[in-house]
Each structure stands twice: as structure tokens, then as C-alpha cells.
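Before anything else, here's the structure in question.
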Amino acid sequence: MMHNLPPKPKRSTFKTVRNILIGVILAGIYIWTFMGIDIDFAKAVDRMTNNYARIIPKLLDPDWSALSDVWAAMVETIYIAFAGSLMAAILAIPLGFLAAQNMTNNRVLTTIGKWILSAIRAFPDIILAILFIVVVGPKPFAGVLAIAIGSTGMLGKLYSEVLESIDTNVVEAMEANGANKLQILVHGILPQITPEFLSYAIYRFEIDVRASTILGIVGAGGIGTLIVFAKMNRNWEEMGLILLMIIVVVTVIDLISTQIRKRLV
Amino acid sequence: MTEKEIKKTSTQSPSVIPLKAKFRVTVIFFIVLAFYLFSSFKTESSITEFIDGIGNMGELFQKFFPPNLSLFQAIWPALADTIQMAIIATTAAGILCIPLSLLAANNVTTNKILYNIVRFLLNILRTIPDLVLAVIFVALFGIGALPGIIALVIFSLGLLAKLISETIEAIDMNPLEAMQASGANTIQTIYYAVVPQVLPQFTSFVLYVFEINIRASVVLGLVGAGGIGQILDQQIKFYEYPNAMGIIIIIFALVVIIEYISTKVREAIV
Amino acid sequence: MIEFKNVSLTYPNGTKGLKNVNLTINEGEFVVIVGLSGAGKSTLIRSINKLVTATEGELLVDNENILTHKGKRLRSLRTKVGMIFQNYNLVKRSNVFKNVLAGRLGHTGTLRSLFNLFSKEDRSLAYESLKRVNIEEKIYNRADELSGGQQQRVSIARVLTQKPKYILADEPVASLDPPTSHQVMTYLRKINQEDNITTVVNLHFIDMAMEYADRIIGMRAGEVVFDGPASEVSEKTFEEIYGRTIREGDLRGGTEA
């Protein structure tokens, strides 16, 4: 039987070259990665088998006698996250306006605003914490500042996106009515942006609670401080309780915050 | 109209914002404010202290500057480790998340119990911070890149599976019905009707998680899980601030460059 | 041959989709099912390839009771019964050829299909099917680049590639404009005659039903209330099936493109 096969697909040379290029680059990256990384699996497995019994069962058997300490540290974590988030929620407002094209009407300013915001976002929270510890010393306040600055980057970006998407007809109508800039801001813009700004700020608080749990690892307060002690003392039962505390509290805060945000928007 | 009547109508004119809402907003505002003040007090965050701190900034500048960028060559191996850890972890998470995200999508996994169990596990996975996972895995496997990679895999698995399962839940189910109606089995149906619909988003999310993993893997070294963070930790402990600042700036550049590339690629895909 | 013997279907929420349906659809027939929205047309058609399962009675396809079919046997029933949908149900991001080849999945091993290893025969069959509905020049276009009528033709090609013995079409023209609707119906009719594929089509439009059908089945509230050759059908018959007078919206209008 003669097969009447379809014509071969016509691929543009550009696409072919592009696909080959992508393939080569990817292959290169993976070869570099697997040649470069040096992991002694035998040793790691060996250690794992030695350490397993010393750690895992204890993690699953939390030390409840440490509950009040762990709880206190968790509460401090929440304070850090809250103070930091709120500072960021406010700091991000001017930056958000600066980075919103339709608010500044100035290309240069907008670009500067966007650059500042993405520069801030490039710093991992914990590195900011390291810097602020040098400034204010190793205490929760350094954590608050790290969270505040770190969150400003993301919130400012989200705010500017909200601002760029508002309905400008309302603003125009008010301008036509003879309203001044401040009146337009209060009656034309604020009602449009407030729910979304709030919703993002609360969302960021969720993230910040998670972020604050580890700040203590570099000395910036919160439950991370206990993690360092538990690790040093090989107190894995306490580590188990810390883990459990983080899981439960973060989950509960996520649930509450999701509910609040649902109602806001 | 008498004066009395005018007074009456004026009190009846409705206020722009309903009273009840006004009251509620005020109450919420004061609760938030109170909690903030309390938090500030508890964390010893005070403006004065910050201003003192700003004063220290000058000192800080002196301490940290000029950053020593000449150590780039010396730290390149550790930086490479950092990138490689993120690549391996992202790849592993990208593969492992496929079955997980199918199980966590309610239009593929119609068994409610299984679906809920998987969702629950993924949610828990996402609550554990990567550094905490790293602390535990370092204790298990010893110092090195491996515990860092495992911590990253587990953390990004939760995130990736959640993002991708949501994508799967949003796909057009019609082609699946057509495949089933033509006698295709489950695997074929997934491969021919689900995969093409989620592939672009899948790639985009994997790149996004790669960005996150780069940022995370930079700091894993702080707890001994390999990469550049380990060197940063040493330099800070030895008060070698210009070196530390140099490392931080190099890290910053790395993150910015990788995010830039990744964003461009993601824009091209979706 | 498809036989309904006292078939009833109750949905899990208690809705009665079919009530004691008795029907025999013979080899090579072109049957059109009409009825108001909610009459149970889709339920009837979808019970034939067990996308929904009848809860009472017997449903025989080629003398096999399909109501107990599961797994492999169900899939082999489905390879024999092709289906065309109102919304074409193509994978929008895949190209036309891949969509058409998907019609062979039921005949292809899992491993082969995962590597796109369709046999030469399958690929040429898919191409021939595209040619039969005159859409072969779009073979490497993505499905979402096609118009509705073109997409429906691709979905007909997909069914043809499946080499079915029966074709079920659930409102295949409901999303199309009048000339395109006639074009699609003409293809279905042509395939029915040339390949002797038994075809069951749901239609909303009574003028189209009269134009293309050999036989018309009228449904109301899950029951078959009319069953006869198209030549015996008049507007009056439809008024009886619908339980009301005929309106403009019941007609597709236009003529064959």
C-alpha cells in the first residue's frame, strides 16, 4: 500500500537555529553544573545512617516542656513581622506612587522608582538583617528593619501596578469638575486603591511571618534564635516543637489573612 | 422653613460614609495602631534608636566601604556552587512536582480524599522555611552542598506543585473529554490534552522558582549548607566588613542578572 | 446496531435524564435527535459511549451490553464510537496534525504515544482525513489559529482518523453561522454515505434536521416522543415534539454553502 504522508513541516531557519542554540546552552549549563558540584554521596549516606536515629525520631517527639519559651519566641516573631510589614506598607506608598507611570507622568522618575524597588527586592531578607545588625546591634529591631525594607520592595512594586491599573476616567471627570490635586487624590484615587493596597499589605504580612522565623539565625530576634540554640545543643526534641509551632502558626495566620483578603476585594 | 426644620433636615442628610462603616474602620484603625505600638515596644523598635542607628550609618559606611570587589576570583568557586545548587534543586523539584501537582489538581484527581491529603501535605511543606530545613539536613548529612540542595528541593516542591496544580485546575477540560471519548487511556489523555496546555506556564513557574532558589541558596551557607553564604558568614564573624560588603554586592549582582534573564525568558514563553 | 432496551438514566442529583427509552439505530443510518433544551438529547447521545451511564435497562452496541463495560473494554468500545462536540474540544495550543493524530490514541500503545511514534499508516490516515474535510493546508497551524468552522472540520478529521463504526455528534453546529453549519452537516452526511458510518446527531434546528436526516427522533423530558423517517416529518410534528408553536429561533436558515 502506498502511504500518502503529509509534507514535512516547514520550520523557519531562525527557529531551527534558535532551538539548537537553546539546546546547546541548556546542555552546557547542565554539564557545567554536574561537573562542578562536588557531593560525596557515600559520606553523606554514611552520616545519614549514623545520624538518622539521633535526629528524626526526636523531631517527631516534640519537647512540650519548652512550650512557653517557644511560644514566647513565636510571639516575638509575629511582633517583628507585624511591625516590619506595617512600616513597609507605609514606606511603599510614596515609592509606589513614584514608580507608577500614570502618577508621576515622568519617565525618568518612574524608571528611578522601579529601579529602587527592584534593587531592594534583590536583597534576601536575611542579608538585610545582617546589615542592620551592624547598624543597631543584634536584636529584634534589626529584624524589624530587615523585614520593613525587604517588604517595601515587593509592596512598592505591587502598589505601583495597582496605581497603573486604576480607572482614569474618574480622575478626568474630577479634573473637569475643577477639583484640585489633593481632592482628586482623596476622592478619586484613594477609594479605588485602598482595598487592594490593604490586601497586598496583609498578604505581605503572611510572607513576613515566614521570613521572620529565620531572622534569628543571624541574631535578629524571633524564633530563629531558638533554632540556633536547639541546633547547637542538639536538642532535637525542642527543634521538633519549634517546627510544629512554625507550621501551626504560619498556617493559622495564612488562613485568617486569606479570609480577610477575600472580604476586602 | 423654620430654623428648627432646617436643623432637622440637616441632621437627616446622610453622611457620605455610612456611620456604621465609619465606626468599624475607626475601631480597626486603632486596633492596628495599638498592636503596632505594642509590637514596636516589644521589639524595642524606636525612632530614637533608629536615628542613633542612622548616626552609626556613617560608621557603617566606614566599616563596609570601600567594598572589596577584588575577591571575586577568590569566591567564584563558592558562587558557582551556589548557582549549581539552585540549578540542581530546581531541576529535581521540576521533575518531582509533576506527579504531585497532578494529584493536587481536583480536575485530574477526582478522588476527594487523596486530593485533600496531597493538598494538606503541600501546604505544610510550604510553611517550613528553607533555612530551617537546611539546619536539619546539615545535621543529618553533614556540612556541604547536599543538605542545601535537599532543603531547596523540598521547599520549592511545595511552592511549585501548588502553582502548577492551580494551572492544571484552570485548563480547558473539553479536549480531555474528547480524548476519553476516543478511547485514550489516562496517561495518554494527560500527555496529549493536559501537557500542551500547561507546558508554557510550567516552564515559566520553574524559572520563577529558580529565581527564588538562587536567592535562597545564597544564604544557605549561613547554616553550613554550602555555597557563598558560608564565606559571607566567615567574613562577618571575623569583622572583615569590606570583604563582606564585596560579597554582598556580588550576590546582589548575581541575583539581578539571573532575575533579568529569567524574566526575559518568561516573557518570551507566555 | 445500537439498541436501547427500556433504558432510564437518573443523575446522582436525582434528575431524570432518560425515561424508559426504547430505540434501535440501524447500520448506516443518519439519525437526528431534536428536542427542546433539557429534553435529554445530550444524555441520550452520551450514554452510547458511556460518558454518562444509564442506570436502568440494557444498552447494546453491536449486541454487547455496554453498561457493565469498564477499563479496557470501555476504551475499546470508545475507539469504535467517535464523537464530535459543540465546542470542537481541540487542544488549542497543539497543531492540527497532532490533534488529528490524537484520534489514534485508542489504537496506539501508551509508550509509543508518549514518544509521538505513530505508525506510517496512522500518519497517512490522519493526512487523508484532513484532506477529506479540505483542511489539509492548515496541518501545521495551531488549532487556536483556526475559525470555528475550520476547527469543527479538524475535529471531524480526528474522528475519521479514529476509523469509527459510529459517529455521535452533540450539537456540532450550535456555535457556527448558517453557511458554515451547512458545510459541516454536508461533510457529516457525506462521510455517513461514503463510509457507511452510522451517525447520530443532536440538532436544535428543525430545518437542518429535515434537510439532512434519514430519520428523526423527537425527545421531550427524557422520553422519546417521536420516531420516524424524515420524509414523514412536517412542522406540525415539531410542534408536537416541542409542545409549542415553531419560532424563528428554531430555524437555522440559509442554504448549503
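Order of writing sets the labels: A, B and C. Residues in every chain begin at 1.
The working rule: a residue touches a chain if its C-beta (ideal position, glycine included) is under 8 Å from a C-beta of that chain, and two chains touch if they have at least 3 such contacts.
Chain by chain, the UniProt names read as follows: C = Phosphonate ABC transporter ATP-binding protein.
Just so you know, these numbers come straight off a predicted model, no measurement behind them.
Q: For the protein chains shown, what form does their contact graph take: line, ring, star, complete or other?
A: complete
Q: Count the touching C-beta pairs: is B-C or A-B ahead?
A: Between A-B and B-C, contacts are more numerous in A-B.
Q: Among the chains here, which has the CA centroid at the largest distance from chain A's centroid?
A: With centres defined by C-alpha atoms, farthest from chain A sits C.
Q: Taking the mean of the C-alpha atoms as each chain's centre, how many Å separate chain A from chain C?
A: The computed centroid separation for chain A versus chain C comes out at 51 Å.
Q: I'd like the Å distance between the centres of chain B and chain C, where a centre is the mean of that chain's Cα atoms.
A: The computed centroid separation for chain B versus chain C comes out at 48 Å.
Q: Centroid of chain A to centroid of chain B, CA atoms only: how many Å?
A: Roughly 5 Å separates the two chain centres.
Q: Going by the contact rule set out above, which residues of chain B touch chain A in the complex?
A: Within the complex, chain B touches chain A at residues 32, 35-36, 38-40, 42-46, 49-50, 52-54, 56-57, 60, 63-64, 80-81, 83-85, 87-88, 91, 123-124, 127-129, 131-132, 135-136, 139-142, 144-146, 149, 215-216, 218-219, 222-223, 232, 236, 241, 244, 248, 251-252, 255-256, 259.
Q: Within the complex, which stretch of chain C touches chain B?
A: 49, 51, 75-83, 85, 87-94, 98, 102-103, 105-108, 110, 113-114, 155, 158-159, 162
Q: Flag every residue of chain C that touches chain A in the complex, lowest number first.
A: 97, 120-121, 123-124, 126-128, 130, 136, 139-140
Q: Mind pulling up the chain A residues that touch chain C in the complex?
A: Within the complex, chain A contacts chain C at residues 1, 3-7, 9-10.
Q: Taking the touch rule as given, give the residues of chain B at its contact with chain C in the complex, in rising order.
A: Contacts found on chain B: 172, 174-175, 177-185, 187-189, 191-193, 196-197, 199-200.
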